[in-house]
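One chain, chain A, appears in both complexes that follow, with chain B as partner in the first and chain C in the second.
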Partner chain A sequence: MRTKDLGKPLSRAVTVFFCSAFLLLFLRDFKWQGLALAVAVPMLNVLTTNLLPKLFPSDKLLLSLTNFLCALGILVLYDTNPSYAYAQAVYYFIGLVAMVICIYIIRLIRSFRFLVWPMMLAALALLVLPLLIGKETFGAKNWFYVGSVSVQPSEVVKLVLVIALARFMADRRMFPWLFFSAGCLGILMLQKDLGTALLYFFTTILLFYASSGNLALTGIGLAAGAGAAVAGYHMFAHVKRRVAIWQNPWSDYDNAGYQIIHSLMAIASGGLFGVGLGLGSPKTIPVYHTDFIFSVICEQFGLIFGCCVLLMYVALIWRGAAIAMATRTSFHGLLAMGITILLGLQTFVIIGGVLKLIPLTGVTMPFVSYGGTSLVSSLCLIGLLQGVASLNEDNLKEDLRLATME
Partner chain B sequence: MIPAKEVIPTDAKIYEVLSLAMRYFFAFMGVLIVGRAFSWLRKDRRLKHRRLKQLPDAGTIGILTVEQGSKQLKPGEAIPVPHEGVLGYLRTCDVVVPVDDVANAHLDFTFVDGKGLFIYPRRGCEASVDGVALTSRRVSQQYPMQHGSTLEIGQAVLRLGVFAGLDVKEAIHYCEMPEAPAGEACIPPDAPPVYPPYPPQEYPPYPQPPYVQPPYQQGSDQQPPYRQSPYQPLNPPAQPPYAPPMNEPDGSPWQGGDDHAY
Partner chain C sequence: MRPSHCVFRSQSVPAAPCSFSRPLCWEVLSIKQQRFRFKLLAFVLFGLFALLAVYGVYSINTYGNRWFAYARNPRVRAQKQNVTAGSIYDRNGILLASTVDGKRVYQPDEASRRAVVHIIGDSEGQVSNGVEGFQTAYLYGFKSSLLERLGYLFSDTPRRGDDVHLSLDSVLCTEITGYFAANPLTRGKNGAAVVLNYKTGEVIASVSLSAFDPMNMGSVPAGSEVYWNRVTQSLYPPGSTFKVITTAAALENIPNITTMNITCNGGLDVDGQAIRDYGNATHTSLTLKQAFTKSCNNIYALLALDMGDATLRKTAESFGFNANFLFRDFVVENSVYPTGTRSRFEVAMSGFGQSSIGATPMHLCLVAAAIANDGVMMEPTLLTKTTTPTGAIRDTFGPKVYRTALSPQTAGTLQQYMRAVVTGGTGTRASVDGLIICGKTGSAESSRKGRDVTHGLFIGYIDSDELPYAVCVVVEDIVDGEGGGSTAAPIAGEIFKYIRDHKESFTH
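Entry: the complex of A and B
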């Protein structure tokens, strides 16, 4: 009852924001698609935040945050390249359906004890596919094509990774998750997809610490990871190049450092309030639709809004951790924590890369970046988190019932 | 310069002005949305704290009462038991049993609704439920702990009490018992008959002041005879309602439970 009162002002503000932003873009080029998006995106927001909680007890704040970030992605893509935005809107819809399915899966299948084995095998098989039939992009071979649709299996495997880690760590069986995680990391190394490998590695380590509290083993794991990173630095030429660019992008400003320099210049030119939606030249940033979408946001909306987007992610992570803390079984707790860690790390890795805080690695910005697989899998992760939240809510209701003895 | 100005259509100029004006609005909306999200987070946190106060044993399925323990864990102490976790000597365990011969992480336990608390000893650790040594996973699954079961690990003997409402066979008897450390859950049915004796207590103090003053003035030395006479009528009604709760922390609550269940 209380949350309903709190939800309305937020969803009203989000609706006003997106309606006005899409209408402004409609005034720029007078295409009917702009008007359609101005109606459709806020409506999808309002519908999901109002309808889903009627199906099952779900976390409305989490839903609102996710919706805001997804809609922001569509908005920025429509601003820069409308054809991407239409595709992204379709993926957003598919992702929402997948999210609902994930919520039901978590509510129906309480322990993945037997299901986790076939899932792990399928995940490993899926990860190997790009090595066999894949195509190399940006120095990494992590894509393959089904017809004309490109699929990035490492995004899908994230789901399996989190579930498998949570399952085996809850059972306190070390070897299955260790081998699975190591296998995934090995294949990702072969694909030269180091950003995702970094993500998987830190998720595993942090979740291990969360489950066991064993500082010594966590330290050993981190040391091993550092060793592997040094080895990777010497083994892979493109890692060496990226670190060199990170240290001094200006040394090779029109070739290797081009991306990061344009990203930094875009953020700087945005200033506090941005250059104005639909103005400026966001398309000069190299991969503006995936990796560097945060610099486009900063250029168009300004630093203040950029900080707000970061704070939205912080709120999302906070909420995820709160859900994890409120769980009753260690499997669900670790699952929620793993998802939170994964999303938080991914956000940190890409935004840190864009801001030249850490070397740039090619991962997508969750929910915002263009990319069907990424958006759908991120929404699936949120679906799993929502499922855990709804189980928490059920448990709490049961407790209240017991406390008042019917 | 002049031709360039003519090339720019007026629509674009209007849009530019509009967009430049709107950016302040967007920044404001961003701050507003984030502020509302965080105030929601904060209020939810407060709500959670309030709920936790209301439901002190939310998430626990019952308690393990110590029958035989050590200096750190005295007999009669009650340890809340969550749905699942690890029992062991270390403070990081979900159920901490600092008793000799208990390993750092001694056993894993899982509660299954309607069946009981399943105990899975770790490798090299011994445990027995109601005298049955749990030697393998299969034995563990055959002998789950139920309400009133005893668990022997190392030199500790613990007795499980399952809260009412969890569908374990014997759980139904639990609420009928007079003690119930699950008192939080059991208060409503038991409370009404207990409280009526209290109001009469409030009346005697009013007549007291006139009676009290004369004895004090006459002789403060004569306290013993004075104390006995006015207090005696007060004490008998006060004690019986207090007695059951007073016994709770001292004696093990399951002594009564055995009579009912076994």
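Entry: the complex of A and C
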């Protein structure tokens, strides 16, 4: 059995798991919304994994993994705060549509050689907006409102970042991506959005290494980043505070350490096997719906399931790297790898923060955390990845056709 | 003909020459080299995720119980509404805490309640990490199996937690508070006493004064000093009791130290600051054993300066100073031996346990226990077993080695020295007929609320295979001119006497 064929059994497991899980929660309060989600969420999974491969060749395993993670987020949100779950389900649907559009974009626009410039300009403009009209939440000023919908531009700019990096690195042009990346980092620093800045920085550096293989310059880049981190630590009080909380959250239970302590208590309460879906006190964890959603998962399903969720991300990275390695052009290879690195690092940064392995920086857990912009942009990234995968399959078919023609 | 499987449809830019827009040109990577790097990066990411999983499992395994039992865990508060807490029993089956009609009830006699209140804890969680708080996982039924929980779901009886059985002798605890009250020098003083079996680590008594009545707490404000468990939470300067560690360091690092004569001229100037013996006593030329028995500060200051800070710190750390205590049954404040560069005066003071060195009575008791147990420090334990509501055994707990603190040879020499302290030195008042008692006294200076105070300390043990017990007694803020030998040592003596007279309950 080829590894890609694991997609089908996984997709079936996802359907059964989430159908029964939502039904279980439905039995708790007999609200029709529970029943609706029990039908709708598995249905979206069935539809995407069955319909998309008919439209263009796609990676079914990657699709099933994505669906699993999105559905897990909606499930946990439905248990803790149903109104978030409804919104998240709607964004899930919008995200899937956006994903299909992204697949088409990759299939139609092959080079981005001219389009990347206006995209970069628009991205920088978008990124500056929160500084002008944004609202400050949890010490970071990285949101603004369009009507009643909150938008986090740094999530959207991720798409432009990976495309721009891949384009210019494939062309071996240094200045454009260097300035774009530095510009994004500068703006993010001004917004005090350290987590995202960290993410952008490491994605850029690692992708540079993949494209050039130049260890010396990669090292210099990392050293510069470390220097900036040390300077930032001494210059900004909020960075110092973050590190202090990470080192000893127990010293200041009521204020600074409150979040992480509640996260750790929740994970410890779950133990290996969890307290069970719908049980426990996940709502006592601060910001349980975004930053600390992994703690909720660990409390309810246990550490073993938590490790399985990590395994799902590992499988996702593996598919992403496999797609990147099967590409025929440098641009598509770097694009696929950039997306993989970005998603992988983002997951590591937030789960590491929740477990107190590294200082907590407020980035979302891809696909799972509550947040429309984040979910849609993550699904768009998967769309770009699927687009590259479909091109790979097309190339393979073309090879076979040529080979059999002789 | 089979075509090459690599058909590059739009292979991008060929190796470009250096120009202004390409200031740094590197070799063009072949698609193969690029694939290799992708693979490498994927493995880097896998490594990060493996790190997450390993760290997650490790930290829950190591700290999970502590995080869960943290007094402010809202889950425990929620469970208290639905589950009747289990009972707590001492080593002789005396009921220390139980739930009657939904209310937590402690022993009927007030003096007995007050004697064990810190180690048992209180139902309102004012004492941190008493059994009531730290063992919530058992007491409130978080350890019940799925089958048991289902059983409760289909029955009318309210859910009940597990019973916890301790190695503690609650009568001895009550007696110890009496020993404090009996002596005018210690009456009304704050202090701490802890007794444990040095072969198994089982704690049989732990008393912290001043205490409060857990069934009548209205009058005491939250956060008050009486809620502190001084045995595990208070860091005291160990004073001369630290000399056992300085001696261990000297025995292991200075050749022929046992046969050497060291001169004590009654005072020592280190960088312009004077070190005096307690009560300005002067000694003449002494061997190490005599210096230990008479507790001569000058000689210990000289020893510390001779060995240097690093050597002394290393020995202290092998005894558990600066270690992160993660005991199963106790949360013990970590002991401190200062790190970093220090002045010669501070190093000299360290030789006799002053200058920012701090240890809890529990840890000092472990130091004595390690010497008594030929260098092996056992982990202090309190739980012997837990039982389910139906009386079946849930878990039993055995002894665990914590660390090897010193070599058996050094421990043997120290045992002789500590014996000499009780037979003809500063600790004679701890001696008991019919038992071989060994020990070390200490008078530690510290400042509290801007006032210099002296604490009396005694650490010691019974040299016996039948009654292997070690104690630490601390009496705070003793009268001027008194020391550990006249305040703490007599209490230790009374404790040893009690153990001798109740042999049958301590030998099983």
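Please note the rule applied: the second predicted complex is superposed on the first by the 397 of 406 C-alpha atoms of A that agree within 3 Å, B and C clash if a C-alpha of one lies under 4 Å from a C-alpha of the other, contacts with A are read in each partner's own complex, and residues count from 1 in each chain.
Heads up, the rule we're going with is that contacts are C-beta pairs under 8 Å (C-beta built on N, C-alpha and C of every residue); 3 or more make two chains touch, one makes a residue touch a chain.
Everything quoted here is computed from the prediction, not taken from an experiment.
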Which superposed partner A:L402 touches (first chain B, second chain C, both, neither): both
Which of chain B and chain C A:S269 touches, first, second, both or neither: second
Chain B versus chain C as contact partner of A:A182, first or second or both or neither: neither
Partner chain(s) touched by A:I261 [first = chain B, second = chain C, both, neither]: second
Which of chain B and chain C A:R328 touches, first, second, both or neither: both
Which of chain B and chain C A:L6 touches, first, second, both or neither: first
Which superposed partner A:A226 touches (first chain B, second chain C, both, neither): neither
First (chain B), second (chain C), both or neither touched by A:L55: neither
Which of chain B and chain C A:L277 touches, first, second, both or neither: first
On chain A, positions contacted by chain B and by chain C: 170, 172, 213, 318, 328-330, 395, 399, 402-403
Interfacial residue positions of chain A with respect to chain C in the complex: 110-111, 170-175, 206, 209-214, 217, 253, 261, 264-265, 267-269, 271, 280-281, 284, 303, 306-307, 310, 313-314, 317-318, 320-321, 324-325, 328-331, 333, 337, 340-341, 344-345, 347-348, 351-352, 355-357, 395, 398-399, 402-403, 406
Chain A partner contacts - residues on chain C that touch it in the complex: 1-3, 5-13, 16, 21-29, 31, 33-35, 37-39, 41-42, 44-46, 48-49, 51-53, 55-57, 59-60, 63-68, 70, 72-75, 78
Residue ranges of chain B touching chain A (in the complex, touch as defined): 15-16, 18-20, 22-27, 29-34, 36-41, 43-45, 47-48, 51, 54-55, 58-59, 82-86, 92, 108, 163-165, 184-186, 188-189
Chain B contact footprint on chain A (complex, rising order): 2-3, 6-7, 9-10, 13-14, 16-17, 20-21, 24, 27-28, 61, 64-65, 68, 170, 172, 213, 272-279, 301-302, 304-305, 308-309, 311-312, 315, 318-319, 322, 326, 328-330, 395-396, 399-405
